[in-house]
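Take a look at the structures below.
One chain, chain A, links the two complexes that follow: it is found with chain B in the first and with chain C in the second.
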Partner chain A sequence: MAKYLLKRIGYIIVSLFFIITITFFLMQAAPGGPFASERKLPPEIEAQMNEAYGLNDPIHVQYFDYLVRAITLDFGPSFKYVGQEVTDIIARSFPYSLILGAEAILLALSFGVLLGVIAALKHNKFGDYAAMVIAVLGISVPSFIMATILQYIFAIKLQALPVARFESFAHTILPAVALATTPLAFIARLMRSSMLEVLNADYIKTARSKGLSSRVVTYKHGLRNAILPVVSYLGPLVVSILTGSFIIEKIFGIPGLGNEFVVSVTNRDYTVIMGTTVFFSVLLLVSILIVDLIYGLVDPRIKVTDKGAEK
Partner chain B sequence: MSKILEVNDLSVSFDTYGGDVKAVRGVTFELNEKETLAIVGESGSGKSVTAQSLMRLIPMPPGKFVNGSIIFKGQDLTEKSEKQMEAIRGKEISMIFQDPMTSLNPTMTIGKQISESLIKHQNMSKKDAHERGIELLKLVGIPTPEKRINQYPHEYSGGMRQRAMIAIALACNPKILIADEPTTALDVTIQAQIMDLMKELQEKTGTAILLITHDLGVVANAAHRVAVMYGGKIVETGDVDEIFYNPQHPYTWGLLGSMPKLDNRDEELQAIPGSPPDLADPPKGCPFVTRCPFAMKVCENRMPEYTDVSNTQKAACWLLDERAPKVEIPESARVGGTKVHG
Partner chain C sequence: MKWKKWSFLIVVMLAIGMVLAACGGNVSKEESAKEEDSAKEEDSKDEGSTALAADQTLNINIKTEPPSLHPGKATDTTSNAVLTQIFEGLMRLNQDDEPEEAMAESYEVSEDKLTYTFKIREDAKWSNGDPVTAKDFEYAWKWVLDPNNADTDYAYQLYVIKGAEDAKENGGSLDDVGVKAEDDKTLVVELEHPTPYFLDLTAFYTYYPVNHKVVDGKDDWALDVSEDYVTNGPFLLDSWAHKDQIVLKKNPEYWDADTVKLETINMYMIDDENTALQMYNNDELDWTGSPTDVIPLSAIPALKDEGTLNITPLASVYYYAFNTEEEPFDNVNIRKAFSLALNRQGIVENITKGEQQPATALVPPSIFEENNEGYFKDNDVEQAKEYLEKGLEELGLEELPKIKISYNTSEAHGAIAQAVQDIWRENLGVEVELNNEEWNVFLDTMGEGNFQVGRMGWNADFNDAINFLEIFESVGGNNYTNWENEDYAKLIKESRAETDEAARRDILRQAEQIFMDEMPIAPIYFYTNVWVNKDNVKDITVSPIGTMQFKWGYISE
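== the complex of A and B ==
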């Protein structure tokens, strides 16, 4: 197990190296720079700024400088927000995205699984059709439309919840629901099809032949086997929810990390682009590792051991 | 010997888009204590549906009981509620299935799967159930059961899984064990071991076994009595010797004839030509009429009644009517030829 973990962490470091390298050169290849703006800076000042931030060095020197600093977890200062470190920006904005994302994942997971199980148990009956109509709507309605509809109904018409900003738990409800809709619908469909398959499996018949009640059969024997596809979907889902919340953060005026990420790209704020990219990559790689570990726990056939790693 | 299970004129149908499929059409048989009754027949003859109806494991709908009764301990199982059936399944009647590879839950240890019915039916504590699980695994011949009980099905071989299935089925000492093609998915040496094990356990526990199979070799070794099913009906029934040495129904002849024989290496393997009838639209007369080499006019129009051949053997065939022409048992069906010719 320890060997397996070490090996996976090794892979993560290699992946990070490639991500940093590719992002770095892609970013440099894009036209413009951090100090290019509509109101042109006097050339002397621009030259001084470039000098100060080390942008006059040859590109390979800049690259190696960055690599060395990245290893020591120093992502440098922002070019646009004077006096702020990249790590400060991430530390300030990530908690918003994290809370929002966690709520959305929890919502999507619990209601998605519930909806899928109901649909499977009521196969080809009203419950199934109702759940699948909700799922199709959830997948086809984009999150920004969902967000504005929610704002219109719950904040403006019913005056029940705050329309935007991020100050209390009540503020998080609408954006979390909007963010959760698509993955919820996706999980519901995934869960329905895998539950239908599992309920027809031979071991379900065995469980019934033991005299177990249909509730025990469904939840103890069915659910654990049926949830496997959902678990494997969880890794990419965590990341896409945490990064993909840019639109939702914009609509609800939440100063989250998704926002910073996109703004930094339009600003050509090199260090912030690099910093947030590395941060998201670490998040993705670690959550995939965690999902693999969970997978091994849920399904004993998938063993996370040294044996598998040596082959 | 006293009757433990009585099935009277049982009919089971399935609602499909293509109409009602009448999978079982008026089946009558009984099972005595400590005996093994084999139901044989080809695929689609209704034998598995019969077996699963006894446990009420047929999904309803689309399945439904059209007619008949299943009397167990003086009570009709077709009239029981689902809750009442739960108290019978696993405790009084239990079942083992065809494919041990898929009939065990892959995410649960063998021990847990054995304990479940013990905890449910005998109110055992988890610890006692675990102990009993080890005993049961030892009983079915699994080495180092203390270690094996905490393993998952994928760590067992096919034969061991079927042994574990038997342990699960026998956990609560059921009166009846239904074995639905228990050896079909296993290789031949393991088949023999599993059949021997079932025989041995039957002697120890006194369980009655209803053996569903299409393998006459298995039947000859294991069964006391045989019921031959075709087209949703039992066409012939009798003691195992009678079925093998003095079969009366042309379908039984066909089945016996299609068994490979050791002394006839050059001959091609015989098969019964044609295919079983469509049970969505079952024939008016004998279901075997289209494939029977001895079919007569009357066979098409009227289902024959049972004719008693002996106290224990009876068959439903017009050839047994006194007005029918005399037909000898074909050479190919003489499995125990020496005994008959003597």
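== the complex of A and C ==
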């Protein structure tokens, strides 16, 4: 186990190195720079700024400077938000994204699994159809449309929840629901099909014929086996929720990191691009590792060992 | 069992119905209350004053995090919207947008209009209790002009001061810059040229003072609310939650504190304009739209019908730049043909919808009133065809080659480009291709001269025609057209030396005439400020240069 972990961490470091390198050169290759604006700077002033930010150095010098700074987790100041440190920006924005993301994942997971199980148990009956209609709607309505509809119904018409911003728990409900819809629907469909498969498996029939109550059969034998595909979907889900939340953050005026990540690219805010990329990469690589570990816990057949990883 | 479910359902339905009914009732009550209010207002207006509401809190949207709240480093509308309230320069634009004594109690101008002597107010205080001194101004301006201080993009706003450009760009000494604190309360400024708009400039944020006793040696003083963030304006920066919310409170120590009525201003940073409008409809915002935000295009017609939309002119022009080095736009008649063939009225009425003014000149009418008429007729297809024929003959072409319009990604720019494509195809019979690029890529393309027709815009920093005319003085900088003209440049130069205002204006008009005869750009429209505000929000000023001021604002009952 320890050896496996070490090996995985080694992989993470290698992937990070590649991510940093590729991002750095892509970013430099993109046209424009952080000081480009409709109102051009006098060339002398622009030269002074380039000098101050080290943009006049040869590209390999900038690259190695950057690598060193990335390792020490000091990304330098933002170009756009004059003087603000990238680490400060990440530290103040990430909690918002984290709360929003965690709520959304929790919602998606709990309701998705519930809907999926109901659909599978009531196969081809009203419950199945109702759950699947919800799921199809959830997948086909994009999150930003969902967000606007929710705002209109619950904030404007019913006056039950605030339109936007992120101050109290009440503020978090609408964005979390909007963000959760698509993954929720996806999980429900995933859960339904794998549950159906499992319920028809021989060992379930055996369990039933042994006279176990249907509750025990469903939850203890069925669910545990059927949930595996959902667990493996969790890794990419964390990825898509954290990086994909920018549109929800924009609509609800939430000062989160997803928004910062996207806007920094448009601004060519080099230091923020690198900072957020590295941060997200670490987060995602680690969350995938955790999912793999959970996998082993849920399914005893999968042993998290060195051997297992090599297969 | 079954009936239980049904009865539950019925109860729920009833409950929802009741909630909805209650909501409906409230709305109508509010509305009638509002009507009463407005009726009262009209009454009270007759009497000449309106009663103040008990709660003087204003909620507005500034859309994004202000990039910098350091007056010397700021360069944008959002930062300006905050800085104007918390700092104050020698002058402040008054409710009629004229510069008026602010930190300066009085000023004297020398005969040759090159030396300004300002007397600083005795009762002008910093928020930490220090008096505002002439030295604070000298320090702030020289700090911006110091080549060692980066991020001072707007240093060139100070270049009218003698020796300023030399100090910033050519290694001149800061000691030779023409700003000097004679004593604590006397500031003497020497200018490079007589500059009739210098007083306007002293109201601009790059000219704001900073408390040199506090900030000297502290580079990071403007990053957060702290005891180092010392200001001198009508409001104080109370809190700054980055990317979320800024709260301003009234400054009781402000010299003109009696005038200031608002106690608290909440500035939210809601990036999405539709959300901002919904918050406004939900009474969570008192103001949305210009100058810090925009009203969604789709909402404008409905708001206009309701009669709640406010529209005022903005000194800003939207134009298509021709690349005058690339065929066929190296020919003046072709440029004229393309410009005259545009149906500006149609574009403004059907696409932008904010009552923008069709532009047939370079300088906005809020500066040159004559430009309400402009230099040529809008949508003059006959004349355009004549120019086209003449141009083609001069170029020795049978018909026009394919033309490409470049613009940066945006719904509005795209819609306008499509309309122009259609207009030119119909009126001039030319194939037009659209080239949409991401902002930074677009700026690169334009800078390299890699375009035929490109979308651009320009807005004034202060209310003077030179803002627009000097862009085209020479190639480079913000002049993407590659157009230069000796006579034009000479006139601009002359205007700088002219001390008589009428004569100067005349020279600038002549320059504009040359420009419009050569037509290196096709002006399309002059922008407007477009916003909505709650009925009880009064006397907040929005100037033609897009500066919003809360000093005189108040909430009526």
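Just so it is clear, the second predicted complex is superposed on the first by the 306 of 311 C-alpha atoms of A that agree within 3 Å, B and C clash if a C-alpha of one lies under 4 Å from a C-alpha of the other, contacts with A are read in each partner's own complex, and residues count from 1 in each chain.
In this text, a contact is a pair of C-beta atoms (placed from the backbone, for glycine too) under 8 Å apart; a residue touches a chain by one contact, two chains touch by 3 or more.
This one's a predicted model, so the numbers in the text were calculated from it and none came from an experiment.
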Q) Are chain B and chain C a fit on chain A, or do they clash, once the structures share the same frame? A) fit
Q) Which holds for A:84: it touches chain B only (first), chain C only (second), both, or neither? A) second
Q: Using the superposition on chain A described above, determine whether A:250 touches chain B (first), chain C (second), both, or neither.
A: second
Q | First, second, both or neither for A:209, with chain B first and chain C second | A | first
Q. Is A:168 in contact with chain B, with chain C, with both, or with neither (first, second, both, neither)?
A. neither
Q) More residues of chain A in touch with chain C or with chain B? A) C
Q: Could you say whether A:92 touches chain B, chain C, both of them, or neither, answering first, second, both or neither?
A: second
Q.
In the overlaid three-chain picture, which partner chain does A:72 touch, first (chain B) or second (chain C), both, or neither?
A. neither
(Q) Just checking: does A:124 make contact with chain B only, chain C only, both, or neither of them? Give me first, second, both or neither. (A) neither
Q) Once both structures are aligned on chain A, how many angstrom separate the closest C-alpha atoms of chain B and chain C? A) 20
Q) Considering each complex separately, which residues of chain A are in contact with chain B in the first and with chain C in the second? A) none
**Q.** In the complex, chain A residues that touch chain B
**A.** 201-203, 205-214, 220-221, 224-225, 298-301
Q) Quick one: in the complex, what on chain C touches chain A? A) 19-20, 23, 65, 67-68, 70, 73, 75, 147, 150-153, 155-156, 168-170, 219-220, 222-223, 241-245, 268-272, 274-276, 278-279, 281-282, 284, 438-441, 443-445, 447, 456-457, 477-478
Q) Within the complex, which stretch of chain A touches chain C? A) 30-33, 35-42, 44-45, 48-49, 51-53, 80-84, 89, 92-93, 148, 151-152, 155-159, 162-166, 250-253, 255, 259-260, 266, 268
**Q.** Residue ranges of chain B touching chain A (in the complex, touch as defined)
**A.** 55, 57, 82-83, 85-91, 94-95, 97, 99, 102-108, 113, 116-117, 120-121, 152, 154, 165, 168-169
